[in-house]
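Across the two complexes that follow, subunit A remains constant while its partner is subunit B and subsequently subunit C.
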Partner chain A sequence: MKATFPQMGNIYIAAKALFEGLGIEYVIPPKCSKTDLDIGSLHSPEEICLPFKLMIGNYIHAIEKGADTIILAGSCGPCRFGEYCELQMNLLKSMGYNMNFIVIDYPKDIGMMELYRRIHKISSESKKNTIQKINALLNALKVLNLMDEIEETAHMYAGFERNKGECKNLLIECKKDTLECDNAYSMIKIMNQYNQKLNHLSVDINKNPLKIAIIGEIYTIIEPYSNFYIEEKLMDYGVSSSRKLTPSWWVKNAALSPLKINSLKIRKNAKKYIPIGIGGHAVECIGEAVTASKNGFDGAIQILPMGCMPEIVSKAVLPTISKDLDFPVMSLIVDDMDGEAGYITRMEAFIDLLERRRKNALSGC
Partner chain B sequence: MHYLGVDVGSVSTDLVMMDENLNVTEKIYLRTKGNPIKAIQDGFKILKNKYHKGDIAAAGTTGSGRAIAASIIGADAAKNEITAHATAALETHKNVRTIIEIGGQDSKIILLNNGIISDFAMNTVCAAGTGSFLDRQAERLDINIEEFGEYALRATSSVRIAGRCAVFAESDMIHKQQLGYNQPEIIRGLCDALVRNYLNNIAKGKAIFPKVLFQGGVAANRGMKASFENALGFEIFVPEHYNMMGAIGAAIMAKFAVEKSGKTNFRGFELADKNIFSRSMECEGCSNSCEVVKIFENNNIIGYFGDRCGKWCNKLQHTSKDLLA
Partner chain C sequence: MIVGIPKGLLYYKYNPFLFTFFTELGANVVVSEDTNKNILDLGVKHCVDEACLPIKIFHGHVASIKNKCELMVIPRVMQLEKNEYICPKFCGLPEMVLNSIAGMPPAITEPIYAYSKNSLYKWAKTAGKYVTSDIFKIRRAFKCAYEVQSQHRTGINSNQHDIKIALVGHPYNVYDNFSNMNLAAKLDKLGISVETMEFTNDFLINMEINNLYKRPFWTYARENYGFAINAVKEKRFDGIIYISSFNCGIDSIIIELIKDKIGNFPLLILKLDEHTGEAGIDTRIEAFSDMLERRTKHESNIPTNG
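Take a look at the complex of A and B:
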């Protein structure tokens, strides 16, 4: 078996740690690019969301490098993501590729036995003993958590840094160095070093930078290619940003959801505006907007792929929140168009708006 | 002393000169025709005969081509068109609450509260109902674009046109033509459809309060103004320099920037005669493979664009500083 998986933000780093630990052959698809999108748009259904198209591009690149098994997270929820694995299987088959799909789904949807069977399909390929396998999994989780932690710190510190661009460079370097390691232990070691470096960065705590929350559909906010590297751009503008939806959040959320003790704060804050789950991450999006407003953020940017049902619902709810809480929210819809100039214009205008609001509010005191 | 504002848009490139009291003394409207550098140079050729470098106290750029324009003219401010439009509108109409702006490719709504932008929206995945589309329809019906709006005013009734998508709007117009409706009715129907589309998509979820300003090239179309007034139920205003508001805003913002920094970066009108061109290359520094654009002026590099890591853009600061010194 030569396993592969779609690109989605930092997941590739954790996947690398896991497969190295298990001793399973794997292929990391190249970072999402225009070629991925071209391939994906050519073969995917026209109206499908952007992540699907990018994933198809990822697969083709991975298949060219010899991958034969695709590992994918699944969902039986109401949104189109639930159809991804079936559609992708058929699509790749019609293109002449015979791939194994291993879909990791919630046990409440497929049952504990089925989940175990699917996981066993992966783990049986590994020659390691059970303790080593568990260790590999734990290390991969640790890598995932560490990477998300570093990213979060870098995004938050970007507004406070004394030497412009330091956070962004550290983050880029950290990802590069981590990818060059060949086992989870050295990855963790390197990331710890970078974490230290970040925490000892020269920051000006008297600065009061703009703080923007990034909310919306999980794939498009996590995968930087799909959102025109919005977080990097915010770092360039000297804006602190925060994004609560991360791969490590997803794992934690999935693990706690059977007990219904996942994301309590988000669900509590969202309840007034969206009382029931409608699939995707609509509840999280709404909850995050309310939380960000309560936490003193200046504004929020919602990013969604065109046609995303749960996010369209939240997009319709956000103006009410915006009005109720006097909290600016801007929605950016991403699609397979390359209109970066338009996105930069909107982002700049949004930052301008927030800055002016602040000045005005302060001049009143 | 004068302030120069340059708005490099998708369809038009506008230049304005403003005096100390922020009165517009010069207005130049040029078609970008896909070549913003040449359009700016053409504008400078006209200005060169009347003004010297020393006459310019500040220069600002805006529009989708603001970055390239800023690097070649040496601008003091390069701001997005939303802020520019609001700045210009507030200069003439202090009590404006809503700005409807429809340009060549973009349509925007800007909401203001006590002179501060409180919210805005811009068309996201579709450019139906913008200037380019109206241009094309005028051309197809063989009507001068300047008279296009007048036709709509002549209509006694309106035909329902499906205006959500430009392509389908056109085929629907053709269908109505074949059914025998006359031109004024169809054009009025089109204006109504575009206004409906604007209010349903761009302005969705936003309360529109008067006073409303209607800006951008499409504001010249009296049919559109009438349709907006019909739909909103109150009067909307078209400012005197409706199609130059971006450039005016850029000039005002440049004025503020120079008041802060104390000196202008403006490089002079000689630019008009220089050989300015751009070359692109793929950077092989990392896996991002950014497409980097270099701007040359008589074989000296004056600007870099497009790199994500800043490897090239950071060079630009030094190069441009040296050139400006």
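Take a look at the complex of A and C:
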């Protein structure tokens, strides 16, 4: 078995740690790019959302490198993501690739036995003993958490840094160096070093940079290609940004959701505007917007793929929040047309707006 | 108390229930008009741009009666079957409507879980409290409404022509004659009979579903898929017309699954949106009917591949 998985933000780093630990052969698909999108849009159904199209591109690239098994997370919520597996299987079959699909669904939908059977399909490939397997999993989780932590710090410090571009460079180098390691322990070591470096960065705490929260659909905010590297661009502008939805958040959320103690704060803040979960990450999006405004952020940018069903609901709610809390929110809709300039213009205009709001507030107008 | 019921989305299937329930409670019921240009325009004006046509039309219905009623019913239909949903937009419908339309009267936004009589009664209990505090009256009204609904049948099944097609799609697209531009009547004029999903047994539908790797978790996706595949298998039909709305997330998947299964069986997909271009729809169904006619009359015994 040679396993692969779709690209989605930092997940590839954790997956690398996991497969190295398990001793399973794997392929990391190349980072999402224009070719991925082109391949995806060529073969995918026209009206499907952007993540599907990018994933198809990822698969094709991974298959070219010899992958024969695709591991994919699933869901049975009302959002389209849960139906991806069926369509992708058919699509790859019709393109002439005979791939194994291992879909990790919630146990409440497919049954514990079925989940166990599917996980067993992966773990039976590994020659390690049970303790080593559990260790590999724990290390992968640690890697994931560390990476998300580093990323969060870098995005937040970017507004405060004295030497421009330092945060961004550190983040890029950290990812590059981690990818070169061949086991989870050295990955953790390197990441800890970078974490130290970030925490000892020379910052100017008297600066008061703009703070923007990134909210919206999880794939499009996590995968930088799909949102035109918005976070890197915000770092370039010296804007601090914060994004609470991360792969490690997702793991924690999925683990805690059967007990209903997941993301309490988000759900509490969202309650006034969306009282019940409607699938996807609409509740999180609304909750994040409210939290950000309470935490003194200047504004929020919602990113959603064209036609995303839950996010359309939250897009309808956001103007009310914006009005109620006097909190600017901009929605960016991404699709497979790559008109980067359009997005950049809007982002810049939004930053200008936030700056002007601040100045006016200070001069007392 | 004047209760407003918008004539959109699942109204076409479940109108007897809502109507009977509120009249039995002693409320005056205001139902919006049939969908028309005015309602569509209102909907487009009030709704977020990204939403699909049926949702926009629903907004239009709400906006058209919001000043005529004291209480609006916004059915937040979560589930019609256990472990199945309709679409996230249905679950968040009250949020969309209440945040998009200004000056709304109070609204009933309780979630509806309609997979059993008991779970539906829970909704009726809370919804009824808006009108009356008499719990016995609510129970009576609910019983009556449930009775009327269970005797109500929707569906089109005409048999007067030689050519017959399966009409697949969500109920709000199939039965809303404004948004589908009178499709059934148009097909009738072209000499094509129509049958909808309601005349295929649930058992046959579920049989097709079991062949899928993953059971679809949308009720109408399951029904439409099962019906379409069954229609091809049973050879009762000459073709399939799928009425879908532009940017419908569910249809974008189901149409692909159907296409994948049926091979070269005639399938026409009609996409509806707020641009009322009737000529385009006419041309397409005329071309489709010509094709079906040629297939049945002239080429029935000759393999098309020579």
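Operating definition for what follows: the second predicted complex is superposed on the first by the 364 of 365 C-alpha atoms of A that agree within 3 Å, B and C clash if a C-alpha of one lies under 4 Å from a C-alpha of the other, contacts with A are read in each partner's own complex, and residues count from 1 in each chain.
Going forward, a residue touches a chain if its C-beta (ideal position, glycine included) is under 8 Å from a C-beta of that chain, and two chains touch if they have at least 3 such contacts.
Because the structure is predicted, anything quoted here is derived from the model rather than measured.
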Which of subunit B and subunit C A:A282 touches, first, second, both or neither: second
Partner chain in contact with A:Y273 - subunit B first, subunit C second, else both or neither: second
Which superposed partner A:M306 touches (first subunit B, second subunit C, both, neither): both
Contacts of A:C85 with subunit B and subunit C, given as first, second, both or neither: second
First (subunit B), second (subunit C), both or neither touched by A:G238: neither
Partner chain(s) touched by A:D335 [first = subunit B, second = subunit C, both, neither]: first
Superposed model, subunit A: greater residue contact from subunit B or subunit C: C
Contacts of A:P107 with subunit B and subunit C, given as first, second, both or neither: neither
On subunit A, the residue positions that both subunit B and subunit C contact, one per complex: 306, 316, 319, 333
In the complex with subunit C, residue positions of subunit A that touch it: 45-49, 74, 76-80, 82-83, 85-87, 89-90, 94, 101, 103, 109, 273-274, 276-280, 282, 306-310, 312-317, 319-320, 333
Subunit B - residues contacting subunit A, complex: 64, 79-83, 106, 114, 116-120, 122, 124-125, 205-206, 286-289, 308-310
Contacting residues of subunit C [partner subunit A, same complex]: 47-48, 50-51, 78, 83, 85-89, 91-92, 95-96, 99-100, 111, 212-214, 216-218, 246-253, 255-257, 260
Residues of subunit A defined as touching subunit B within the complex: 30-31, 33, 165, 172, 176, 229, 232, 236, 306, 316, 319, 322, 328, 331-333, 335, 337, 341-342, 344-346, 348-350, 352-353, 356-357, 360
